[in-house]
C-alpha cells in the first residue's frame, strides 16, 4: 500500500486482545436535553490526537513506550436506547481482562451506567472520581430514569465505595445536598484510598466553555486546562481499572480546539491507566 | 406589558381551538444515522419567519387574511422513542377537526408515521405527496423497523391511496424500484385526483444543499427553491388535510438561510392548506 | 393548547405589574463603532437560559422561589436614535414601582443613559457599579455626544453619588485618569456604602473574550467567569434599584457559549435584585 | 518600501480626480430591520477582488485597460442618520464630473436616496435599473420615512424617467401592485431607451441566498449568478451615469463566497460604466 | 475487535494490488495563491462518503458490485515541493497496472502534473477532460513555472492528444484564447474519440460556490451539481485510464456540504472508471 | 480623496525609512504539519488593530507619541521555499538601521530563521526571548531540516548568547531536555542581562487556545492574556533590536478574537521596541 490513514488514536495499534490500554468508542447520543452531537466525539478526538506529541511533560511519560490499542467505535442501534445500553455493557465486559485497561470514549454521559455495570462484575469494590460541570444526580429527568442527567444517581445505586466529584457547578439544591465534592487536587489526594482501585468518569464539560465550547451543555465557570491537569496528576501510579471520557460534541466548535483538548485529556488518562499497572 | 416577543410564527395567534390553520412542533430527534439537530427546527423556523412578508407573490395570498394559530412544541420524553411516537400521534389526533388544518413541524422524518396514523383515523382515503431527497422506503435500517430511513415504507403499510414522490435522488436500487415519482409539476398535476384529499409530507432536504445546508443528511443535486414553488403551486385549491415539514437542522447553517427557506416553504404550505378550505 | 414555547427567560411569567423582578429587552443597536448585532442579545439570552438550572450554588438561591416577570422586548424605531432613547426612558420609568426591580437587557451600552435618566426621577441618590472592558468616559466619539463610548460620561453628568468601575482595561490616557476603579471584590465591598441604593450596569465584555467572544468590541485581558461571580457576590443583600446587562452580540459566537454566559450572569443579577428586597 | 498592501480594489489606483471609474464606500448601517453588518461590505469586497482576474469573459473587457480609482470609505457619524445622509450626498456630488463614473459601495440600501439626490442635480432625466429581492416601495416602515424598506418610494418621489425592477420576490400586495418589473433580460433590453442615461442600483440580495448568504435579509428564490450576468450584459455600451452595489453583510458568510460574488458583480459594473464612455 | 472505523471510502477495502478501482490521496497543499487547506480534502471526502448510498440513480450502478480499494494518503515532505512532486509521480506509476484504475484525491491541482507524467509512461496517447473554473493555462504564475495556475500549460507540454475543458469561467484574455472548451454535454460527447482512452482531471471548483464553497479559490457562476452529472454521464462506458479530483478545501465549509458533494462526484467517477473496464 | 482606508496598523504611517518602529509582514505559509493559513495573519492583525485604543494601560505608553511605520507585506514566491527564505532575509536586513526597530509579522514560525540570519549580521551578540507552546527544537521534522518545528534548533546553530523560553508545553522528551525555560516573569527578569540587546520571537500559540484558537497548531494549557502581559512588562526599557509575531491563522477563528489578541500583543511589542530606544 502506498498511503497511510490517520484514523486511530496516535501511537495506537489495532486491538489484538493482549495486555495494554484499549480505547473503545461508545457513540451513544440519544437523551440530550439541549443539543446533541456527542456521537461524533470519538472520531473527532482521534483525528485531533495527531496534532499532539506522544510525550507528556505533565506526567513525564510517552505513549510510544506503552502498549496502546484502538478498538474503534461500537455500532449502536439508532433510536433503540435499551438495546444500545445492553450492547455497550456487553462490549465493555469483554474489554476487561488481566493487564488490560479500557478508556471508553463517549458519546453522552449515560454510557457510564452500562460501563460501570460491566466493571462491577469484576471489581465489586472501587472508588469513583467524577469530573463534571453538572451533578447528574437527579432521580429522574423529564420523566425518564435513564438520562445523562440521572447517570450518577443510577451509578450510586450500583454501589460505589467512595465518590469524589470535581468541578461541579450546576444542579438543583437537592443535588448539591447529595454531592461528594473534591474542592482541590489536595483534597482529592487526601480523600482517595490508595489501596482501592479507581474508575475515572470524565465529562469533558468540566472544562470551562472558553476552552471547551464543543459540548452538549456548556456551563460557564469551569476549570482551566491546567487545573484539570493538576487533578489528574493526583492519580499517577494508582490502580485505575478503567475510565471514560464523554460529552464531546465536536461540530459545535469549528475551531477544532475542543477536540484537541479532549484528545490531550485522553492522552493523560491513557498514561495514568498505564502508570498504575504493576 | 411594555414589550413584545417574536416567538410564534409571524401573523399567528395562540391556538384556541377554532377553525383555521394550526402549527404544531414535533421536535423528535432520535434516529438520525448521520448528524442530528432537527429538534431545533420548529423554534428556528418560527424566528426566521419574521424576516419574511405575510404576502406571497407565488400564490397571491396573504397570511393576514387567514386564521393561523401556533400551538407551540410538543414536549417529548427524551430518549424514549415509543412514548414519543405515541405522544405525537395522540396530539395530532386532537388537532384534526372540521375546519382545522394542521401543519406539523419536525423534528425528524419519522414523525410522519405517527402523524399519518392519526390522520388515518379520520381520513381512510387520501393521496400522499412526498417531497424528499431520499426514498425512505427501506424495510429496516441498521436493524430497526422505525427510522427516518424506513418511514415511507411504514406509511405505505398504513394504506395510502396514491403516492407521488418529488425530488428523490438517493436510495438503494431496491428502493428506486418501488418509487412512485412525479418528475415534473405537470406530471404531479396530471397524476393527482382532485376529488381525493391530499396529505403533504415535505422533507426539507428535497431542496439542494446549496440553499439548504442545515439538514441532517444533505444530498447534492436537489431542487432549487423556484422549482419547489412550481410543484407547490400545483396544489393550490385542493383539499389538503394536513402537512408536515421536517428535517431542518438549523445549527449546521450559521448563515440562517436554511431556516429562512424553511419558513418560506411553511408560509406557502399554510396558504395551500387555507386555499383548499371550502 | 398541545405544545409549549420557550420564549421567556426560564422560570419567568408574563409581566402583570405586581411586585417582583422584571426583565425588559432594550434592543438598541445603532452607534457601534466596530461591529453591531446587540439587538439580538435579549432574545438569545432568553433562549440560552433554558440550558441552565434555576438554582445558583454561588448565591444559594433559586429562581423558582421568587417572582420573576419577563416583559419582552421594546419595539424601537429603527434608525431614529432620539426617538429610541425617549422610548427606552419612558418605558423604564413605568417599570420602577415599589417592590419592583428591573433588569434591562441590551442592546448597546448607550441604553444605560436613558435608563438612568428614568431611575434618577425616583432615586436622586444612588451608587453605580459599572462592569466593563472599556472606560466609556469620552466626552464625544467621532463627533457625537451620544454613543456607546461616551455613555458613562453622560451618566456622570446626571449626577451619581459614587461610581465603582470593574474590569476596565481599555481607554485613552485621559479616560484612565478619570476612572474610579475597584481592583478587587474586597475593594468593592469596602468602597460601597451599604446604606445607599445601588444600580448595576454590566457590559458583558468585562468578561474575557475567551469565554465571551460574542460582543461588539472584544478586548483581551478580561475577567474570568469565576472572578465576575466573586464581584457579584459582594452585592448580595444590598438594595439594588435596578440593573442592565448590555452588549451581547450573539451572532458572532456560533458556539452559543456567549449567550449561555450572559444568561447565567442575568440569573445571578436577578437573584441579587431579589436578595435586597426587604 | 519593502512590502505591499492589498487594500484597494484590484487594478485600481488612488483617486486623483481625473477621468475614469471611481469607487467610493458608503458604509451606512443603521436602519436594518433584521440583522446589520453592511458597513463591512466595501472593505470585504475589496479584499475579495484579489481572488479574481482582471479580465471578464462575459464582457470581453479587462480592468487593466481602463482607468479605475478607489477613493476609500466615507467616514460617517455613527448613529446620526440625518448627518450621514447629508455627508453621502455631498461626497457623491463631488464624484460626478465629465468623464468620471462612480460606483458606490454600500452599506445599506438607503444610501441610494442621497446618492440619487446628488445625481439628480446633474442629470434631471435618467432611467433606473433596480436589482433587488425586495420591492423597497413602502411609504414608511416601522413609522419611519427613511429606511432600507422605503428607499425606492423616496427615489421615485425624486422623479425618475423610467424604472425597471429585476429579481423582486418579496413585498406587500400593495408594493407588488406598484412594481415595474423586467421579467427577463430581453424585456429589460426592450424597455430601456438607449438615448437616456441609466443609473444602476444593485442590491446584492437579488442573488439567491444559496450563493449570497451574506446579506442583511436573505430571501429565497433569487437569481443565479449567471442570470445576473445575462441582465448586466444588456447594459453594455449604454451611457451609465453611476451605480451602487449595496447590502453585502460579509460577516454572515464565513466561506467568503458572498464577498467574492459581490466583488465579481462590481467588476462587471465597473466595466459597464467604462463601456458607455464615448 | 469490538468496534469499527469509518476511515476508508465507503464500500472500499484496503488496497491489495489486484484488479479494481484504487483511491490514493495526494495531499499536496503548497502553491495556492489565495487560501490553502486542500491537504485535508481526501480525509474529509472519505468521511463524507458514509452519508451517501452505494447506488447511483444517475448511472444505475452500485459500488457494492465492483472492486474498490482505498490506499490511504501519501506522506509528503512538508514544504519541499520538488520532492513532493517526485513522490506523487512515483506512487502513481505503481498504481497503474492491467485492470487497475486509479482515482487520485487532491490536494491542489498541481498534482495533476506528476500524475500525468506517470500516466504518460504507460499511455502515450490519451484525451484529457478537464473540469475547472479556471483555465490554469498560464506559462508562469508569480514567477513560478510549477503552480496550480500553470498546471494545464505544463500538462499540454507533456503531449495530450485532445483536451476538452468544461465549466471554465476565469482566466486572462490570453488563456481564454488558448482554451479548448466543451460548452455542453452534447459538445463533449461529439468531440470525444471513443477509441482513445480518457483521463479526467476534475477540479471541484467547477461547481458553483453556492454548493461548493469549500475550495481554495471560489469563482461565482459555476455549474450546478446536476449539470456536472450530465457531463459525467457522457463518459459512461468509455475507457478511462485514471482520474483526479482536486482542490477540496473542506475547513472553509462548516456545513460539510462541500465534502459531501465531492464524495458524490468521487462515487460517480469510480463508477465511470469501472464502467469502462472490458 | 473623499474616503479613507484602514489598511495599515492603527496609528502608523507608510514607511519612509527614517527612525522609528517598522512593521513588515512576512506571509510565509508552507511547512505547517497540521493546518495552514498563517499567510493571512498580517492583514487580519492590521484590521483588528482598529478596534483597540492607541494607549496601553499596561505600559502607560501611547502609540500616537511614537514614530510607527507600516511597510506592508512581502510578496513571496508561492511554493518556492528557498527563494522565500532568501527574500525574507534580504528584506529584513534592509529594515535594520540606526534608530529603527522592526516588528515582523508572520506567517509561520520558520520566518524567524532568515530574520535572525539578517539580525546576526548587525548584532553578533543578543539574547533571545522565545514565547511558544512548542519547543521547536527538533533537528529535523518529517525529513526536513527547515520547518516550523525545527526553527529554534536552526536559530541556536546561528549562535545566540542566551535563550529564555516562555510558555512551552509541547515537545518530545529530547526537546524538553534541551529547553531553556523561564517559568515566571520574575525568573525571566532575573535571567536577562540588561546590557545585552534582546530579540523577541513571539509565537502567538503561547496563548491558551481558549483566547487564541486561530493558530495552526492549538495546544491546550497555555498562558492567559494577562500572564503574557506580565512577561512582556519585564522587557520595558530594555534594548530590543527587533521582534517577530508569528503563527496567527485568522480564518480558523470566525469570532475575530484571535486577530484582536494578536493586534494587542503587537501593540505592546511596538511600545517595548520604542521604550528601549535611548
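By written order: A, B, C, D, E and F. Residues from 1 in each chain.
Basically, a residue touches a chain if its C-beta (ideal position, glycine included) is under 8 Å from a C-beta of that chain, and two chains touch if they have at least 3 such contacts.
Note that the structure is predicted; figures quoted are calculated from it, not measured.
Chains that count as touching both chain D and chain F, per the definition above, are C, E. Farthest chain from chain F, judged by C-alpha centroids: B. The pair from A-F, E-F or D-F that reproduces the interface of B-C, where over half of the contact pairs by residue number are the same, turns out to be D-F.
The greatest centre-to-centre gap from chain E, using C-alpha centroids, is found for C.
Matching CA atoms, the turn from chain E to chain F amounts to 180°, rounded to the nearest 5.
Centroids built from CA atoms put chain E at 38 Å from chain D. Between chain B and chain F the centroid-to-centroid distance comes to 55 Å (mean Cα coordinates, whole Å). Between the CA-based centres of chain A and chain B the separation comes to 39 Å, rounded to the whole angstrom.
For chain C, the set of residues that touch two or more other chains comprises 75, 208, 210-211, 252, 254. Across the assembly, chains come into contact as A-B, A-C, A-E, A-F, B-C, B-D, B-E, C-D, C-F, D-E, D-F, E-F. Contacts from chain B toward chain E in the complex involve residues 34, 169-173, 176, 208-211, 213-214, 217-221, 252-254. Considering their complex, residues 50-55, 57, 60, 62, 208, 210-211, 224-226, 229, 254-257, 260-261, 264 of chain B touch chain D. Contact residues of chain E toward chain A in the complex are 1-8, 14-15, 24-25, 43, 47, 71-75, 91, 94-95, 254.
Within the complex formed with chain D, the chain C residues making contact are 29-33, 35-37, 39-40, 75, 77-81, 110, 141-144, 146-147, 251-252.
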